[in-house]
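Once you scroll down, you'll see the structures, which are given as structure tokens.
Shared chain: chain A. Partners: chain B in the first complex, chain C in the second.
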Partner chain A sequence: MKKIFIILLIPLATLIFLPVLTQRTYILHLAVMSFVFAVISQNWDLTMGYLGLFNFGHLSFFAIGAYTSGILSINYQVSPWVCLFIGGLIALVAGSILTLPTIRLGGRVFSLFSFSFQQVLFYLIRSNPMGLTGGSQGLSRIPPLQVFDYQLQGANSIPAYYLALGLFLGITLILYLTVKSPIGMAFTAIRDSENYAISRGINPFKYRFIAVVVGAFFTGIIGAFYAHFLGVVGPEILGWGNVVLTCCMVEFGGLGTLIGPTAAAFMLTILSNYLSGLEAYRNIIISLIMFFVLIAFPSGLAGIFVPIKTNAHKLTDLFKARNKDGEG
Partner chain B sequence: MESILKCENVSKYFGDFAAVKDLSFHVNPGEVFGIAGPNGAGKTTLFNIISNIPFPPSSGKIIFNGEEIQGLKPHKICHLGLVRTFQIPAIFNEMTYLENVLVGGIFGKDFSFYRSDSKLFMDSAQEAIKLVGLFEKKDNYPKGAPLFDIKRLMIASAVAMKPKLMLLDEPVGGLNSSEIMQLVDLIRKLQNEGITIVIIEHVMTCLMTISQRVMILNYGEKLAEGKPEEVAENEAVIEAYLGKEYRKYLRTG
Partner chain C sequence: MNIEVALFSGLTLGALYCLMAMGLTLVNSTIKFFNFTHGAILMTGAYFTWYLLEEMGLNYFASFIVTLLLTFILGVVVQRVIVQPLVNKEASGLMLILGTFVIGNLLENSFLLIFGGRLKRLPTPLEGHFSIGAATITYHSLLILVTTSVVMGGMAYFLLRTRMGMAMRCVAQNEQAAKLMGIPVKTVYRYVLGISSLLAGVAGIFLGSIYFMTPSMGGGPLSKAFTVCVLGGLNSILGTVIGAFLVGILESTLTLFFPMYYVTPALFLLMMFILLVRPEGIFA
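For the complex of A and B:
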């Protein structure tokens, strides 16, 4: 366990000194985008990986954070720093609206509801209600976050880079401590065997709610940061391509590991940007890479670092159970 | 003496079918209360409706420690000190043996982040895992573990919850005779620690030796109740469940 922290020091140091090592904005931009997607996929992993709850609407929290923050700072001149927090808060509220009525009805209902929630949100944003969201054009000229006279917008702003890095590291640390705490233990227990978990005094609804809401809050904050960092935000962040790519980061990285989705977020963000010149071939190449990595390491990228004790056997168990049912 | 668990006219219907029908019985504090009966008699269903995992009774009253619990949420029932194990081995596959027990220690009483004491949890978990004799294996993962280990782990995590009453669903079913002996010893130890035990078991020699009182169920109804030797002599019980061979075996053995 100690070893893995030492190994992690190298990429960490690289990230801290990246603006010194290179002045190329393109690379810094990619790094910031990687931080953003790493945070999204970590928080998605909280529900999908740790709880086994198929939440297909996770990116809607990201969009809600981005749009809330954008709309408030453009139309109502709210300070972007306050917007960052409000963005997270509104996403948290959205998370509870999504969770409270459905969580008792079982995982399937929740999955379907989260999926349709996202679709509704997508069309709602596109329809430009009350002229707030800018329709398919999206929002532009979102004011930047400011520290004294520094404007934290665009990758040529070094403070913006460090803010992104700080958010990324801070949220990673909080999530890590959460999953190592008794709360994380309850998550794993519920995923492994729900009735047994209940019989040991765990209220599954409470912990599912916690996971969704915590994930929504951090995703909302990073969404707000994204809006202020780029200065523009459009409905395509809820587009199918983006949803699938982000979902892949979680699955490809390794469910229920945090580090896996983080690594996959970096890898896929960078890959899909560098390959963007190849247009349609880009997706084929990314799919093939994922395909072969998953054959070699069935539990995802995390399987390379951590001995496979987690999800590798899930699928085989499922098939075994099915065969047994068939025989019986 | 006030009984610790009391069921009054409890029924469970699945459509028209009564899995448990108008059943009343009580359990005295500190005793081992055995439940037996043919397959499909409603024994496990009875545990399910008492613990409300996964369903409550259709009608009737369940009184635990002077409090009606039939409307309570299952985890609340656990927090009151009524815990159960499962007939089908249940285990958290992705936690070590010790962590499996720790879950019981942490969440057995209403867990709150603010007044949690990790040392206390760890102590109770270690104590429980020692009690069942699995301390040497505490860092193993239970995937592919022997049935005997899983059954004992289930009991250990129940013990870590510091229960007043434990419902054991076939704790020795599927074990060999030396393992059965060890589990009988373990159940006696639990009883000595002041835990009241309700046990479902098909292995009659085991049930008859450890229980102070026995209840036989058939088609969801009570067929007989009383001291083990009385029940074993009961004609209706021999007819429906034990068989004539058993009486001979009991007399000679």
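For the complex of A and C:
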């Protein structure tokens, strides 16, 4: 493990000195977007990889964070810094609404429930209730975060870059510590063998709740940051393309590794932005890459580079077993 | 718009959802995953027919039959290319969902490149309409209803009376036991995906003549078909059929009282409610 940390120092140093190395705002913008998507996919990995709980509606927490923060700061002139926190809190509440009624009904019901939750949210945002969400136009002119006189909006603002980096590193650290702590052990125990975990005194419902809610909170915060950073949010963040791209980041990187989804988030964000001029070709290229990875490396990139303890087959057996439980 | 019109258009919608959702249920009960290529295959069905009709100059009936064949083959290809390799690797349901979505995305974007994003519309084979009371009924929607009934009858015969249909039901009930009894599970999977794609193709042909055709036309019907599947029971074809007509009629009667925007989220809310109260579906 020590070697990995030394290897990780190089990209970390690059990221810290990136504004010094390059002045091109496009690269900085890509870096910030990568931070945002890395945080989303890490948090998604927390429920999907570490708990084996397929939450199809994870991006709805992101949208909730972004929209709450945007609406509060535009319509009620709440300070963006407070909004950042409130966005996270509302996402947390949404996470518990999603989890509490369904957590005892099995993984399959939870996936379907979160899927429909996201659909409801998507259509509600698009239908522009009470003129709050701006319909399919989305919200625009969201006020930026401010430190003294600096406005942290757009990629040409270097403090914004460092705030994004700070959020990304901080959340990564917290998640890493959580995963290594007894709580994280409980997560993997439940994933690998639920009955055995129960017999050892681990309450699976409690830990599933914790994982979803923690993931929702951080995703909400990064969503709020996203809104204030770009100044615009549209309903397309809940669109199919975005959902599957983000889901692919987790799958592509390797479930239950944290570092894999992070790396994959950087790669895919950069790739999809780089190809964005090509429209249809871009989607075809990304689909082909996904297809290849799914067939050739089912346990993701991390499966090749990092020796991980859990093998993917155990996890997939569990998915299948759970699917079959769901019928009876 | 009054209640009779709404009921009849609900019936037509229900028939289309039924065609969509039956295929989904078939796949979901045997291979145990949600097939996300289904929407794309629906789209290819519409485009194939359009191409055969407009570019090749075939008549409606011939292009209908050829489209059925093509979508069946497409389903078999999907099974060969993505489903079977992942099933062989004992991949999770998540990976099957992602894999089929990726293939769907590939299909949609290739069709976008080939045919362009311009709105197209399939011609209807039967023009004209008649009216019962206040409701105006086009011959086309009557054709949809009749075809759907024929397809449903065919499916019932296929599943209850033929060897392959019985094999499908065996695999749905207990895959392990089916394997032990010498049922070729891979072949069954191939037929399952082929037939479900064929059903999606039929739905696509009808949708293309009611609404406009775009390469992304499959998304909306696909998510409706999900609500149908959950409502009617994830593993029961009969439940799906009842659920489809229920959702169709509910949708068109709700549009009488609420703005269009709120109907789809209302259906999803209903789905969430059903999931909490009766996770196995109403008619399972």
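The rule is short, and it goes like this: the second predicted complex is superposed on the first by the 300 of 328 C-alpha atoms of A that agree within 3 Å, B and C clash if a C-alpha of one lies under 4 Å from a C-alpha of the other, contacts with A are read in each partner's own complex, and residues count from 1 in each chain.
To be clear about the criterion, a residue touches a chain if its C-beta (ideal position, glycine included) is under 8 Å from a C-beta of that chain, and two chains touch if they have at least 3 such contacts.
If you're wondering where the values come from, they're calculated on a predicted model, not measured in any experiment.
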item	value
Which of chain B and chain C A:201 touches, first, second, both or neither	first
Partner chain in contact with A:185 - chain B first, chain C second, else both or neither	first
Contacts of A:193 with chain B and chain C, given as first, second, both or neither	first
Dominant toucher of chain A (residue count), chain B or chain C	C
Which superposed partner A:288 touches (first chain B, second chain C, both, neither)	second
On chain A, the residue positions that both chain B and chain C contact, one per complex	313
Chain A - residues contacting chain C, complex	48, 54, 101-102, 105-106, 108-109, 112-113, 115-117, 119-120, 123-124, 126-128, 240-241, 244, 247-248, 251, 280-281, 283-284, 286-288, 290-291, 294-295, 298, 313, 315-317, 319-320, 323-324, 326-327
Complex contacts: residues of chain A adjacent to chain B	181-183, 185-186, 188-189, 191-193, 195-203, 309-310, 313
Sites on chain B touched by chain A in the complex	51, 53-54, 73-75, 78-79, 83-86, 90-95, 99, 102-104, 106-111, 113, 116, 141, 143, 157-158, 161
Residues on chain C engaged by chain A in the complex (per definition of touch)	32-33, 82, 85-86, 89-95, 98-99, 101-103, 105-106, 108-110, 112-113, 219, 223, 226-227, 230, 234-235, 259, 261-262, 264-265, 268-269, 271-272, 275-276, 279-280
